[in-house]
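As written, the chain order gives the labels A, B, C, D and E, with residue 1 at the start of each chain.
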Amino acid sequence: MEISSKLRFADLANNHGYEVIENINANKEGSYFKTIAGRFAKNKVAMLSLILFILLILAAVLAPVISPYPPNKTVGNFEAAPDREFRLGTDEIGRDVLSRLIYGARVSLIVSMGSVAIYVVIGTTLGLISGYFGGITDAAIMRITEVFMSYPYFMVILVLVSLIGPSIWTVTFVLGFLGWPPLCRLIRGQVLYIKTIDFISAAKATGYSTSSILFKQILPNVLSIILVNATFGIANAILTEASLSFLGMGVRPPAASWGNMLANAQSLTVLSMQPWRWVPAGIIILAAVLVVNFIGDGLRDAVEGETK
Amino acid sequence: SGEATDKTVNSAAGNETSNESSASSDILYIGMTNAPASFNVINTADIAGRWVQRFMYDSLLTMPTTTTFEPGLADSFETEDDQNFTIKLNEKAVWSDGTPVTADDVVFTLNYIANPEVETARGTNIAMLEGTTAAGKLEEGLTEIPDLVAVDDKTVTLKTKNPVDPAYIKEFLGFELMMLPKHIVESIPAKEYGNSDACNNPTVTSGPYTFVQYQNGSYVELAANPDYYKGEPELKKVFIKIMNGTNLVTEFQSGGIHMAAGGGIGVVPVQDLDILRNDPNIQVDANPGFNSQFMLINNTKYNQKLRQALAYGINRQLIVDNLLKGEGEVLSSVYALASPYMNEDLKPIEYNPEKAKELLAESGFDTSQEIKLIVPIGNKVREQSANLIEQDLEAIGLKVTQTTLDFPTVMATVKTHDFDMCLMGFGYTVEPDMSTYYASTGSMNFGQINDAHLDELIEKGTSLTSFEERKAVYDEFQQYMQDNTFILGLYSDYQIAAKNKILNGGITSYWSGSLADIQNWNLNGAQ
Amino acid sequence: MEESKILEVKDLAISFKTFEGEVSAVRGVTFDLHKGETLAIVGESGSGKSVSTKAINRILPKKNTFIKSGEIIFEDKDLLKISEKEMQGIRGKDIAMIFQDPMTSLNPTMKIGRQIAESIIVHQHENKENAIKRAVELLDMVGIKNPEKSSNLYPHQFSGGMRQRVMIAMALACHPKIIIADEPTTALDVTIQAQILDLMNELKDKLNTSILFITHDLGVVAQMADRVAVMYAGKIVEIGTVDEIFYNPQHPYTWGLLASMPSADIEGHDLYNINGSPPNLLCVPKGDPFAPRNEYALEIDFEEEPEMFKVSDTHYAATWLLHPNAPKVTPPIEVMRRREKFLNLKMKEVI
Amino acid sequence: MGLVQNKNVILSVRNLNQYYNEGKKNEVRAINNISFDIYKGETLGLVGESGSGKSTTGRAILKLSDITSGSIIFDGKDITKIDGRKETLKFRKSMQMIFQDPYASLNPKISVMDIIGGALDVHKMTNSRKERTERVYELLEVVGLSKDYAFRYPKEFSGGQCQRVGIARALAVKPDFIIADEAISALDVSIQAQVVNLLKSLKKSRDLTYLFIAHDLSMVKYISDRIAVMNAGRILELAPSDELYRMPLHPYTESLLSAMPTPYPDDERSRHRIYYDKKYHTYDDETKVKLNQIAPGHYVYCHEDEIKHYVKKYKQLNK
Amino acid sequence: MKKYIIKRILIFIPVLFMISIGAFLIVNLAPGNPVDMYVSPDMTVEQIQATKEALGLNDPLIVQYAKWVTNIMRGNLGFSFSSRIPVSTILSQRVGPTLLLMSISLVVAYALAIPLGILSAKKQNSIVDYVVTGLSFTGISLPSFFLGLGLIYVFAVQLKWLPTGGTKLLGVDGGIADKLRHLILPVIVLATQFAANMIRYARSSMIDVYNENYMRTAVAKGLKPMQILKDHGVRNALIPIITVIGADIPKIVGGAIVTEQIFQWPGIGSLMVASINSRDYPVLMAITMISAVAVLVANILVDIMYAVVDPRIKFS
């Protein structure tokens, strides 16, 4: 290394050092969503979950193709343990548990995702509005949540169903429209103090409209609460659907859902001696909820630039 | 708890399966799945309530089997012309406050029921008496039932409108009605009896047990009546615990109950029955009963051929064998297995899908139509059977969709006749008259059955007074019902009587009469 | 001089993991701090001043921080190696820290008084009452009016400057051996600032406290510091006594800093500034990171990072210009002026 | 130098009061009846004790808080009367603030790209995603940040870097009036110089007006045309900037200037400070105390009786 | 603050009124008729009419409601349709067990969940965190009928350690120990549900707090991790936790339906189910009103707690 020979003034116009940096930029010029997708892809747990979730949805969509038996037909012995023919055994009237599980995904996924989507939208919007505006608006919205939280759930559902008529969409909407108050209150609680932080003033000063402040500025800060609520909401909805189906709303009986598979197995004998009738449904519910949770977490981390 | 086990030491029940609840050998624990709605003996429609009332209130007669009557408050209940009856009361019978049970009490109770001011569900039980309407209320202008006389302190005479089968009046009036204490009830305004303390926390009763307390939805506590005229019951206390079906099993196993109430208000779920059967301490009996499951058919929509097709097309034996685990039988017609009027020669229609298809074709029914099958929730076997029925019907070419509804909604639906088919269970009495269900004017004729010949048979059956004559009519009635399948009898499940073997006593083959000898029950049974 | 060293940072290198890649925030920082001395760290914002000082107290976010190399010797212990428990005994008691962002550094749900009292309770084992009393005294000391009442208020009821003073009070509470003050007076008006600086100096004289003082205000440096370190892009580029840095700066970046300040005769003209943007620490280019912005850059600057050249016993600078073979350059006038002054000063000393 | 030729008033504050917790035990009179004007194209420096109400004044002008009383007229319009989305947007576009606390004023969950880009979106200043990205990079470069930082989040930045993001956000919408609340104190001097130069050139090229709140008196002096000195919610002295430095009249101003540190270690060692005695603004009868003009454009908050004294002082200093 | 509470309580009344109208409509709109549930098959049409009359079901809805309201004002909750026992008597027997079960379950749940959630946050992305997360998801995915049944099977039937159900031994006095033994299993089931939920909120809220600068300040002060957590962390994480508690409290009324049934616990939940099944309007109305009061009180408490916990939040 001949130091001395290079101790000459450099020509600054010819900026050697910056070349490398330009290269980095080239990778990043892509759209915002690409950036986020890229970050998400780096999170192994989230990616694995996403794949599982896609598989689950595929299974639901392709149910007629992949399920070994028709789901609602008696195809084997009653209450038979798993064997080569019926991988997960049969239920109380000889239907194939595996096939029912696959078809059940349709109902359970639609109901849970649908209803959670609905109540997250309502709960979040009202919660943001309530916490942000305060005063009369807040009082009014809070009183409405109180009204909603006071009624016996099942009674309301009974009435609604008698008015609308039972279907899986009714379950979805009913659960969606009744489930929002707790989330609304949670978000409102957070917003109450988030709105005192300077970045809200900054957003106001920038000229953000109130709705943008709510949805673009505050919303990202309550995302973690929404995610917690939503993932649990999904588990809840799957199980609640079962009890609603019992009340005559929701899926009509021969049709399977994960929830009603579990509920049908509600007996001491099944619990202690026929695990195949409840374990698979239980596990798939748990798995679905976990998967959704990890996807949610991963997404949030990617959006917020958190590294694991 | 230590204290409880100390008490167990001397007791005959001191085995390791019985834990704290069976600690004392003179306390009986009963498991019941339906909470009693009320203790109003003249205005209770629910079976659970009526069953509990029987511990406290006595009727004139007891009915240990479907065909025998034994003395209750009445030593005798006689007639010579099937129209005038003389009732002699037990000399020793007293109310729990010491007042003797007299003829006045009987006359008062019957008149009370007939009183238009009084709200009652028991009108039908006295509607055979002269001077009453079909609803059992006093006819216009009367203030009390004519010919109902307290001849002396312990003798009552009464007269029916027409001659009746003595068994009928003995069951309806003698067995089903429980007597009220006049000296207590008369002081309460007629309209308020149902809401009164005397009704809801009864202290003056005449039965083997007296009321201690009812913890709403939890348990009823009863204490032996030391002055009971048949002798003080051996079991000094009874707790009737309210629980769900699955808990009956776990409570049996843990020793928390000695017996299940049975009879539709305390039934061990059939899928768990084997658990109890395998338990050496538990005795499980299955007897033919009066509860049966039916498929209501809307007669205005479906003709005879089609209804018959249903009977052939549904594999009812499969339901009995698999869902009921054999604890029941396929119904041949409408009468339950335990009924003495059951037509033994009538065999159920055999499952024959080919025949069903033929009949279906003959019926001219448009099979592209969707048939709505209503299934009330609450009975697991029935809900599962609906799935099999749906498959069977689809197999013969019908289109079926199920709708599950809660019971009140089902009732509202069938009452407006806005249904195609509906599964429903009925609990019949020994008395074979079924006009409420099947007569064209019957209040429970949900299927809108309207058949002149059937009406005629029903009419004829009620007008006769001897068992043999009536049986002949009702045999024909059953045959006719089967031929026309106005309603499709699915199955009649056996009455399951489960008890711990230490209990001497318990549910007998005729469930309603099981309590006839309760004063003799004890916990000294075999281990 | 060696034995009076209280803190020695050797070759400290720290990076952060981000989605874009690894950010090398500190790239080999070496300095020492003597008892009773004030070392001011100045430099480009984002050059790693806060990060390297936070590393001393081990309070960098655990999640994505990597200490790549280095030693931090405090009283013969390597702070990077001792247990968390041992560290707890040092934080607040021996080494106290005043954070840069007072708005968010105070617990919004705890009364000011209690927040100050807390460390007194922990480290001096005072009871709560006395600790609060001390806290009120401290509030008074840092110039908060109505200290009694203020100690019962919550942070959101304070203005930025008031919060900063609370932070300062908190740091002073336990008479620490080292105070790390990260821009402690940026939010303060000059009178309060002067008051606080006096207070810190007083403490330093009385208790022989050492102060690590980060600031951008060269006036404050001039007033407070015994020695000054200049940082750029995760490295110390020049270090020396306050006079050496202010009157005889050697590194072109230091020149730029000194020249950038508004001075009496500049009115109406633009301020001098260093062209270009600071380097991206995600991907530090080969050679001297300052080179692309350096008017005096040599060819070698783009290929090799300069070593620390010794100027005097106390003065070192990392620039190839100090290489004996390097061409001689003329710094900006402002620096020339300062050099003159330096010569005068030296003269005075000599005389 | 110092006096503004173009005397168009852009902002006029009259008898502004801002109380916190009004009517309660813990009432704070953050601003106590202040009045001043800002002319178009000038820079008004606002210095003073910390907690004296500088930020509060800024926020009030920006319509971020509901003022207790008084009036604020911006561009001929009473800002309390601004209503409707269109008018509000226009107001917001014309006035921006750089917040004092760089961390708290940046949304922790939003990347720098969207913090700055958001401002552009609000005022529909770009037509395409690409243009928006370009513009954000440009702004980052203007404030001396590498554009590689665009997708980072505030917590990954140093204080000064955050502050620069705040500046970029304010500049993004091309406002006419900027309130800079300690905008540069977190920056190193060379970046300070860069930003100040930028502000100055913008002022020149776009006729921008600034309310420049700062503690660094040399920088305030350098950038401001006029300077107001605040203490305890009041303006104590208001004068053209070089005049204020040359001839501070109010004792508080004197004490401030005497405490101003200089970047010369040897001078610093031998400085002596003037201490301010609070009794100067505790008057028994507040009604006769107000901001009085002592010389053209030079105001001092004092009692009627004190005017003479100040006039004399002014003349002495003005030799 | 006093003023605020009084104001809130005054708002109570119109809100309750609104709720009662809604509840009355809902209850009456539900398909099915109470009378159907109280008649026996052998009753004639006239008899059924008489029953209807006696229950006041023949009046127009408005009249029925007006009667109900006037009775309520007089403190008269009416009589149950099905049992004709005063609703107040029924409730007085049912509220106690529910309150007992629920309050203990909530306390147990929170006592477990909040520390676990915080621990999980503290050790974010560690094994501990994953285990706690897994547990909480299992808790929420496991329907209470299964958990309850499983516990009964293991602890009551197989091991015979604990009673299968009920609130106490009948016929013998087992004292307080006996009552506690009866509480264990139902409390586990309920607490699992509540805890599973709370763990997640506590965790997420705590994670947010751990990212705050003041937590760093606390570390820099040399406080012990426990102290930092207790004095600085928890309080700031409380806002969502309080909200969750506020949303849990009203579940006292309907939240334990399944658990009550499995464990023969004579609480409000099972009463509600029975009343729905028999369309017992007066009881349903009373339960709704109780639940409304629970909701309202819980919400007032929550709002007060907000302001107590976080000085930045003001009453308004």
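Operating definition for what follows: a contact is a pair of C-beta atoms (placed from the backbone, for glycine too) under 8 Å apart; a residue touches a chain by one contact, two chains touch by 3 or more.
This structure is a prediction, so every number in the text was calculated from the model and none was measured.
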item	value
Intersection of the contact lists for subunit B and subunit C	A, E
Farthest-lying chain, centroid of Cα atoms versus that of subunit C	B
Pair joined by more contacting C-beta pairs (A-C or B-E)	B-E
Farthest chain relative to subunit D (centres taken as mean CA coordinates)	B
Centroid distance [mean C-alpha coordinates] between subunit D and subunit B, Å	89
Chain centre separation (subunit D, subunit E; CA means) in Å	54
Whole-Å gap between the CA centroids of subunit C and subunit D	27
Shared interface positions of subunit E, touching two or more other chains	30-31, 149, 153, 211, 213, 276, 310, 312
Subunit D, residues touching no fewer than two other chains	101, 103-104, 146, 148, 151-152, 156
Touching two or more other chains - residue numbers and ranges from subunit A	21, 24, 28, 35, 158, 162, 193, 196, 198, 266, 268, 305
Contacting residues of subunit C [partner subunit D, same complex]	16, 18-20, 23, 42-47, 49-51, 100-101, 103-104, 153, 157-162, 164-165, 183, 186-194, 216-223, 225, 242-243, 246-247, 253, 256-258, 260-263, 266-268, 270-274, 277-280, 282, 341, 345
Complex contact set, residues of subunit C against subunit A	17-21, 63-64, 103, 108, 156, 279-280, 282-283, 285-287, 289, 291-292, 294-304, 320, 323, 325-327
Contact set on subunit C toward subunit E in their complex	57, 59, 61, 63, 84, 88-93, 96-97, 99, 101, 104-110, 118-119, 122-123, 154, 156, 167, 170
Residues on subunit D engaged by subunit C in the complex (per definition of touch)	1, 20, 26, 28, 47-52, 55, 100-104, 141, 144-146, 148-149, 151-152, 156-161, 163-164, 182, 185-194, 196-197, 200-201, 215-219, 221-222, 242, 255-256, 259-268, 271, 273, 276
Footprint of subunit A on subunit E - complex, ascending	11, 15, 18-19, 22-23, 26-27, 29-31, 125, 133-134, 137-138, 140-143, 145-146, 149-150, 153, 196-197, 200-201, 204-205, 207-208, 239-240, 242-244, 246-247, 250, 253-254, 272-273, 276, 284, 287-288, 291-292, 295-296, 299, 302, 306, 310, 312-313, 316
